[in-house]
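There are two complexes below, and they share subunit A, which is joined by subunit B in the first and by subunit C in the second.
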Partner chain A sequence: MAKMTYRLLQGNEAIVEGAIAAGCRFFAGYPITPATEIAEGMSVRLPMVDGTFVQMEDEIGSMGAIIGASLAGVKSMTATSGPGFSLMQENIGFACIAEVPCVVADIMRGGPSTGLPTNPAQSDIMQTRWGTHGDHPIIVLSPHSVEECFTVTVKAFNLSERYRVPVILATDEVVAHMREKVALPPRESLEIIDRLRPTVPPDWYIPFEDNSMGVPPMSAFGDGYRYHVTGLVHDVRGFPTSRPDEVDTLIRRLHRKIDKGLGYIQEGEYFLMDDAEVAIIAYSSVARSAKQAAIMAREDGKKVGVFRPITLWPFMRKDVEEILKNVRAVIIPEMNMGQYSREVKRVDQGYARIITLNRVDGQVITPDDILRKLKEVY
Partner chain B sequence: MPEYTRLIYNYLRHDKKFPHVWCPGCGNGILLGSLIRAIHQTGLTKDEIVLVSGIGCCGRLPVYVDFNTLHTTHGRALTFATGIKLANPSLKVITIMGDGDSMAIGGNHFIHAARRNIDVTAIILNNSIYGMTGGQYSPTTPYGMRASTAVYNSIEQAFQISELAVTAGASFVGRQTVYNARLLDGLIEKAILKKGFSVVEVVTHCHTQYGRQNKMGSAVDMLKWQRDNAVPVEKAAKMSPEALEGKIITGILVDKELPVYEEEYNKVRAKAKGLS
Partner chain C sequence: MRYEARLSGSGGQGLILIGIILAEAVGIYDGKNVVQTQSYGPEARGGASKSEVIISDETIYYPKATHLDLLLCMNQKSCDEYYLDLKKDGILIVDSSLVHQVPTNKAYQIPFTRLAKEELGKAFVANIIAIGAIAEISKIVKESSLTEAVLKRVPPWSADLNKKALKIGMEEGKKAEAFIPSKG
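Presenting the complex of A and B:
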């Protein structure tokens, strides 16, 4: 068996290593706390592996550049935080409609606006889902440890390549700046997915034609398959259209390709959930406090478990519904005013009592915070 | 079929339903013809060319031609072009933008692309108006002219696109009118062949919006206005600033050798690998 490499890394550094391992060879970014270390790391690492780093004039340009690089056939990513993530939204929509794979790391800090640049928050959960205008599916993954910053980044690239979608890697300042010992798997043991490329002769290539997966093969500029890419609604050849049947077909295919992949895309961790009477649903750094709280509660004989969605979007409805049916109460601690809990409440048909715990003071949610909340139900 | 028509025909996409979106008499078609002739002269293949546009009337230009084509978001063509060029430097990337696209919403990207000296050719169609949205004033609408958002006449000073490109550090800057289409062919060809960031400002007309609102007559009248007001840069050098007021200085404004980003980045790679 190939050997693991052990390193002491920061979350942001692990994201850099994950991206390089996944085959990312282009990064465009703009400095912003608390995501800057990703740009710094990429500026060091990419030129070592014949990749390219460019510091753009703003986050709008960064997003445009990574889409361009991806269209030229190179796996690409950018990294930012709240204010920069807001600036990227228009071009994220472009990547959705033109089906350009790319990864955007959003290291969440307190908001709105300039907010709390050096404090953690989870206040972009809804923005990752609905930040760009128009109906669109999106994949959002959230690591809760430094080791996961590596593995989930690899997964983010794999999903973006497989489904031709932008994937948002959303975590918070705590995970991004924390240092932990991590076991990095050897390259050959990693599953790396590359986008499907056309194998037909160029004159047979129909760039946006539907198939069983709903994901058409993607040619790179310069490969000889000359085609048109646009942010306008387009027909199967990529040409602008407003014909209702063609418009409807495109928008529905974009959704269907993600709906069909839910089993592959969605991933979550069940911690002490087997006999749990109360579940805590938490993600990114808060999930760490949630796990500790569950351990402490069990020492008092309280059957508490944790469900931790790694895939924040598409919302893990089946898992959450199943949990709601099997526990009497769910506690949802979040460093926001209740963004993920809204979704849980939306699917709760009176199955379980839902209790929210919201901290918006720029401080982490501690196990004690959660245990105090637990007293309301246990 | 005349030779010129045949040449252009060879570069058009025949599975795209013509007619195009432009008004009869628009200068965009003249520029498209000029661009095709220039590319043909360079000897570059269709596969090597990536044509990137932003939003506006000229944003629709790439869809008609048989290259790798990309129609991006408003003002961002140069950012997408930067990514394409850096990801695959063997491609020849040409952007098509309007005056609003490149100078207003995309103004910041423009000066930084010039400063970075990425090997991209930026063609800017300057018709001094937002045409597609119905004739609002743009950053190049001259002071005192009328627009649908300046019915009391514009009180803003206009940007000089080419002069801005020179100041921002572009390797090559040229300006020409669509009236002088043959000269425009040669200018675009030189810009494409230039290593580094090259800019061609194409002075054109929007008789539908700008011309109508400012009572400048038909497309033909506006072309004649271009003919009568264009001054070659060599001649302009001998004229007083007063005599040049309202004139269009045409020709090559700057052509210099500067370090190109992609080549500089190869040095970065060598350093990162400990090779130098």
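Presenting the complex of A and C:
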């Protein structure tokens, strides 16, 4: 094994390294706090690996540029925060229906609008899922440490390539700006997934034809495979259609490919959960407070554990239902007015008591905040 | 043992930089676990700015500082705001050229900014003088580790200037000790 060298790295810097390791060779973006370091890092790192960095005129253009680059066969990403993420929504929908792999980092800060530029929040959870219109599947991943900023970014690219779907990397200002001592895994130890390309002769290529995975092979522009890309609902050849059977087939396939992959896509961490009587469900930086709170509660003889979804969407329903059946109460601390907790409540069939803890003052939820809530049930 | 340090003042004083330097010195060169976070206003200069470093032999979960073992205040506002977060035996270090109302006589009062201007002719190395003093007073970081970390993070042309600033900081830290009332 290669010698591990430790570095003091910031979350945003680790996202850059993860992207480069995953094979990202195109970045288009527009600077915004607290995501700017990703663009800065990419502008330095991409030229070293023959990649391309473009500072765009805005986030609408950024999203358009990475879709174009990805259609040309290059793994692409952009990074932004709330205001820019809002601007990207239309083109994210385009990437969903045209099945263009790409990764969008949304480093959450306080909103709405320009909001609280330098403070953390987790208020885009629903926007990552439903920000763009239409019935679309999407994958959203959320790292909680600097090391995970690296590994989860690699996973974001892998899933994006495997399922031909935009993947949102959603974390908050704290994780993005936090520096930790990390040893990044060597390149050789990483699994890197590339999109499937057509093997048939160009004349035989049917660009959106279904198969067992529900993910058609994707040719790069310039490879000699001619096909049509549109935001309109299209037939298997990529041309607009409104024939009910063709429309239904496409929309259902887009969902099926993700549903079939749930076991592969969904990932969560169980922390002290084996004998837990009360569970805390938390993600991103708040998951760190939750872990600390669980440790402190156990020093007090209270059996508390933490479930931390890394995959925020598709919602980890099976895991959450199982937890709800096995504990008597669930505490859901979030830096928003209750976005993920609403999903948990949706699947709770009276199994456990659900307690929300919401902070929207631009400050991180502390372990003490969680312990105070815990007193209501334990 | 969890050790929590907060370095506070206003934007532009280089508090985030010395937070990074301290974290790198303790984490990479001294081999402990560290997490460094920061919090600042939208202004490029002025406004509130702070940088926090958590040091521990164990895994660090919660990344922010709440019960401070060490507090550096480079302006009056931060001293007023954060003094109460300090633990009973916590160390308070203030830039006495900018903090005129010190809440306790058990504070290390060193005029970092004045020293930077008068001794080195550059106000911007006040932060490096401060981190030198912190090392001397708190003993949380080895001198050699700190020097190495500083030199890694500052532009090469300023290496000598920063080395001098560190040295001044350490000497001043030693001197300030004499004015601290004995513990008890």
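Definition applied: the second predicted complex is superposed on the first by the 375 of 378 C-alpha atoms of A that agree within 3 Å, B and C clash if a C-alpha of one lies under 4 Å from a C-alpha of the other, contacts with A are read in each partner's own complex, and residues count from 1 in each chain.
Here, contacts are C-beta pairs under 8 Å (C-beta built on N, C-alpha and C of every residue); 3 or more make two chains touch, one makes a residue touch a chain.
Remember, it's a predicted structure, so these values are computed and weren't measured experimentally.
S.K.: Please indicate which partner A:Thr230 is in contact with in the superposed arrangement: first for subunit B, second for subunit C, both, or neither.
M.R.: First partner only.
S.K.: Pick one for A:Asp368: touches subunit B only (first), subunit C only (second), both, or neither.
M.R.: The second partner, subunit C, only.
S.K.: Between subunit B and subunit C, whom does A:Arg346 touch in the aligned arrangement: first, second, both, or neither?
M.R.: neither
S.K.: In the three-chain superposition, say which chain, subunit B or subunit C, touches more residues of subunit A.
M.R.: B
S.K.: Using the touch definition from the top, say if A:Asn91 reaches subunit B (first), subunit C (second), both or neither.
M.R.: After superposing on A, A:Asn91 lies in contact with subunit B but is clear of subunit C.
S.K.: Would you sort A:Arg187 into first (subunit B), second (subunit C), both or neither based on which partner it touches?
M.R.: Touch partners of A:Arg187: none, neither subunit B nor subunit C.
S.K.: Return first, second, both or neither, reflecting whether A:Tyr6 touches subunit B, subunit C, both chains, or no partner chain.
M.R.: Touch partner of A:Tyr6: subunit C, not subunit B.
S.K.: Can you tell me which positions in subunit A touch subunit C when the two form their complex?
M.R.: Against subunit C, subunit A makes touches at 6-8, 33, 117-119, 174, 177-181, 285, 288-289, 291-292, 295, 364, 366-368.
S.K.: Which stretch or stretches of subunit A touch subunit B in the complex?
M.R.: 25-26, 28, 44, 47-48, 50, 52, 54, 56-58, 60-74, 76, 90-91, 94, 220-224, 226-232, 237, 239-240
S.K.: List the residues on subunit B that touch subunit A in their complex, please.
M.R.: Subunit B residues touching subunit A: 13, 15-17, 46-48, 50, 52, 60, 62-63, 66-73, 76, 78-88, 90-91, 108-109, 112, 116, 265, 268-269, 271-273.
S.K.: Which of the residues in subunit C come into contact with subunit A in the complex?
M.R.: Against subunit A, the touching part of subunit C is residues 20, 23-24, 27-28, 33-42, 60-64, 66.
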